[in-house]
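Structures follow.
Shared chain: chain A. Partners: chain B in the first complex, chain C in the second.
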Partner chain A sequence: MKKMLPESELARDERFVRTKIEDRLFDPRGPKVAQRNTGPARMGPDRPAAGERSRSLMHGIFVGEIQALEGAGRTCYDFDDETAPFQLKLDMARQCWDESRHCEISVKLGDHMGTEIGEYTESTFLFAAACNPDPVLRLCGVNRALEGLAIDVFNSMKEFGNESGDPILEFCEDWMLADEVTHVKMGSDWLRRLTDTDPERRERALEFQRTVDAIFNLGGFRGDDEENPVQLARNFRRLAGFTDEENDSLAALARESTEQAREMAEMAAAALDASAQGS
Partner chain B sequence: MTSITVTPDPFTLVPYDAAEIASLVEEAAARAEVPPGVEIALVVDEELFAPLTGHMSDVVDGRIVLWISGANFEDNKRPCHFSAEQARIDLAVMMLRGKDRLSEDFAEAPPDAQLSRGERAAWDAYAAGRASRLGFAVRRPRQLYDFRLQHGFTDASDAAFERCWDGERLTWAAVREICKETGASERGVSKVPVDLLRQK
Partner chain C sequence: MTESTKPRAPFAPWDRRELPGLFLVEESARRVGNYKWAEMRLFEALGGWVATVPELDVKLVLGRHTYHHAWHAELWHKRLPELREMNPDRLTVPPNEAFVTFMDAVREPEAADETIEKLVGVYRVLLPRFIAVYTFHLNATSRITDAPTIRSLKFALQDEFDDWRDGEMLLQSLIDSPEKVERAGRRQVELEQLYLASGGIAGPGSLGDDSEATEGERVS
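What follows is the complex of A and B.
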């Protein structure tokens, strides 16, 4: 079996359609919508297109779970026992068990909301973070950055279930959320143990985590404000071992990303208008 | 002969074809049995993309006036591309609601921008059920979830949904009654206007 599988070689059946993040970034409608009031992005039953937004996010969670399963599985296999201790691989095997259960729960939640597998496109940049050849960097990118994001996403969906009176969504998200807290702790523990005598490697790993965090803040997807669809779940992050300083820094990074996205949208809208006037 | 107008024509942000959409509107109107001679005006907001979906059906001076987000016509698997299959379903639901407004049964109904979310969800379920029986590929679980979001995840709400979905001749009064039964009419008014996506 091949080691270090690139994201382009992930196995999917004909129901899945892959998309690139650039497709959305260069969509000419993006700057137009950014200038409009489309309501609070935070999930709620009284928000415009509430049902469709939640279905689309749920499908995104589902494909994210598949990729998390693939990422943890690759970490069990890609490294020898010297590079990645056997106990670390056992933790990753345990995580595979959790992620496969999350996939099944997500499929059922999709049924509950009225979606089908593969109804929306799949972006694989989550798995891309799980391709780092250094196991410490990989764990930081996946278990601390992405599983940290999963805490935020699941908590937002759980709150949406609570607000809309949907006990199925609320409890399913809560059960998955509990696992994510464990996954983040695994990442934090292994980061400490494997870099105990190598502060430089630890810093590189944390830098990689910040890069992954920044990617997933893109355009204000996650943050502390109403305009962020996914809210930073500070309490659950604390339980998972993130310090208040780390949470504050992530919130600041999210605000920066939102502001950058706004500036880019304004520039793009101005360029589009100038182009339309010139034609 | 029904007069149909589609705006914008041409589309400038997405490769949608106004003539193709007009022919789908004509098909939906015929299958929904909109009386011949009724003018139909459809505005597509091409700036909006998935998942910012939404549509509205009103009657103004005897004309059916429709508004829809471009996201409703967008192929979920191919962003920016038109999905005729998806458009057929939404246009059928819109047309059935437009036809309802032309009848005495819904004469008292306020314009779509003034409907509560519960009223709108019940009316949509009623239209979607009929569209399904007309042969349009409406997905019932999706409609049920949208209904539950506004009427609650309860047995009473599910029973109300069945009545809407199976209904062949509901009235505006029946829609309001359903909202009372499920408690949807008791819900506080949201600060988010129901036609927010339509406002520019």
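What follows is the complex of A and C.
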């Protein structure tokens, strides 16, 4: 078996439908949808299509957990004992078990919420972040950026479960949230240990984390404001070892990303209008 | 009322443990180092395969088992310094080159349509041998002097039995045609030949031999 598996080779059964992130970002329907003023985007049971949105997010969580499992598994395999210390691989093996349970939980929650495997598409950019050839950068991208995002997503879903009177959803998200805090701690721990005497490598790793964070803000998907569907879970992030400074910086990045997305949507809408008037 | 000062035997009548065992400290450490090496190569392969199997149930089971074998490797890693090996890496080695060839062959399948080959190697060849070699160590070592190793062996064995059953059930559900029976059989034979050539997870004598039995009597 070769080292470093490209995301295109991730094995799936026929139910799964894969899309590229570009397809989503440049979906021609996007600008028109963005023009609709439907109020705050924060997830809540009183929001339009709350059920549909929560099912879609749950499916996203499910495929994300599969890729997180695959990423942790590949980190056990891709590196020799010199490049990745034994204890790091043990942590990744533990994460494999955790992510495997998260897949089980998510698929059962999907059933519970009325969706099924393959009802929504899967994009594999999460796994792409787990393909970095440097284990420190990989852990920063996955364990600090993506598992950090998972803290935000699970906390938002947990609150949604509470507000919508769904104790099963709230219960499951609470348990998964505990694991994600552990995974972020692992990432922070290994970043510190492996770059203790190499500040340049540490900076590269943190830069990679910022890049992944920026991608996963997804034009306002996650942030501190009412217009972000997924809220920054500051308390749990603090528990996981993120400093207030890091959280503030992430919130600023999210606001920037939201603003960029809005500008892009306005430009695209204007282009659409001009095109419609011309025809 | 019990008399607290009344002398009692140090071993209760039902405690039949005896001092003698087949292994000196050095031999126990050598074997533990071999176990750690094999468990490491196994958990790495299971982790690597997760992304390459399309069957969702297999994917999730492999994820769980990856941790089980990593944990066994960790148990052995922690036991080595207690067996006077202060540099655990020194003994974290395969017993011989033939065993490396065997493990490489177990880890070789990669394609998405080779799930049967992957699972046969682990669940029909390697895990039954882990069960055998751990059971031998459990039965052969001193139940008093090597008790910490015995405790770890029992934890590991419980996982090996459970994981073997999980894997065998997955295989039985995947092997659904005469052709697949042939495939599974061929793969098993091929790997068993390589295993035989290596002498086992701890090399020749993995399950003991006559001279070891004599040695054990002498140590006692």
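The rule we apply is simple: the second predicted complex is superposed on the first by the 279 of 279 C-alpha atoms of A that agree within 3 Å, B and C clash if a C-alpha of one lies under 4 Å from a C-alpha of the other, contacts with A are read in each partner's own complex, and residues count from 1 in each chain.
Criterion: contacts are C-beta pairs under 8 Å (C-beta built on N, C-alpha and C of every residue); 3 or more make two chains touch, one makes a residue touch a chain.
Nothing here was measured: the structure is a model prediction, and the numbers come from that model.
Asker: Quick one: classify A:E119 as touching chain B (first), chain C (second), both or neither.
Answerer: In the superposition, A:E119 contacts chain B only.
Asker: Report for A:T243: first if it touches chain B alone, second if chain C alone, otherwise both or neither.
Answerer: Neither partner.
Asker: Let me test your reading of the model: by the given contact rule, A:T83 touches which partner, first (chain B), second (chain C), both or neither?
Answerer: In the superposition, A:T83 contacts neither chain B nor chain C.
Asker: Which partner does A:N235 reach: the first (chain B), the second (chain C), both, or neither?
Answerer: neither
Asker: Of chain B and chain C, which one contacts the greater number of residues in chain A?
Answerer: B
Asker: Figure out whether A:R36 sits in contact with chain B (first) or chain C (second), or with both, or with neither.
Answerer: first
Asker: Examine A:V17 and indicate which partner it touches, taking first as chain B and second as chain C; both and neither are also allowed.
Answerer: After superposition on chain A, A:V17 lies in contact with chain B alone.
Asker: What is the contact status of A:S56 with respect to chain B (first) and chain C (second): first, second, both, or neither?
Answerer: Touch status of A:S56: first partner only.
Asker: In the complex, go through chain B and note every residue touching chain A.
Answerer: So the residues of chain B touching chain A come out as 12-14, 46-54, 69-71, 76-80, 117, 139-146, 148-150, 152-154, 190, 192, 196-197, 199-200.
Asker: In their complex, what parts of chain A are in touch with chain C?
Answerer: 1-2, 5, 9-13, 66, 69-70, 72-78, 86, 89-90, 92-94, 96-97, 99-101, 103-104, 117, 127
Asker: Quick one: which bits of chain A touch chain B in the complex? Just the residue numbers, please.
Answerer: Spelled out, the residues of chain A in touch with chain B are 17, 19, 23-24, 27-30, 32-33, 36-40, 44-53, 55-56, 111-115, 118-121, 164-168, 276.
Asker: Contact residues on chain C for chain A in the complex?
Answerer: 40, 43-56, 59-64, 66-71, 73-74, 77, 107-110, 112
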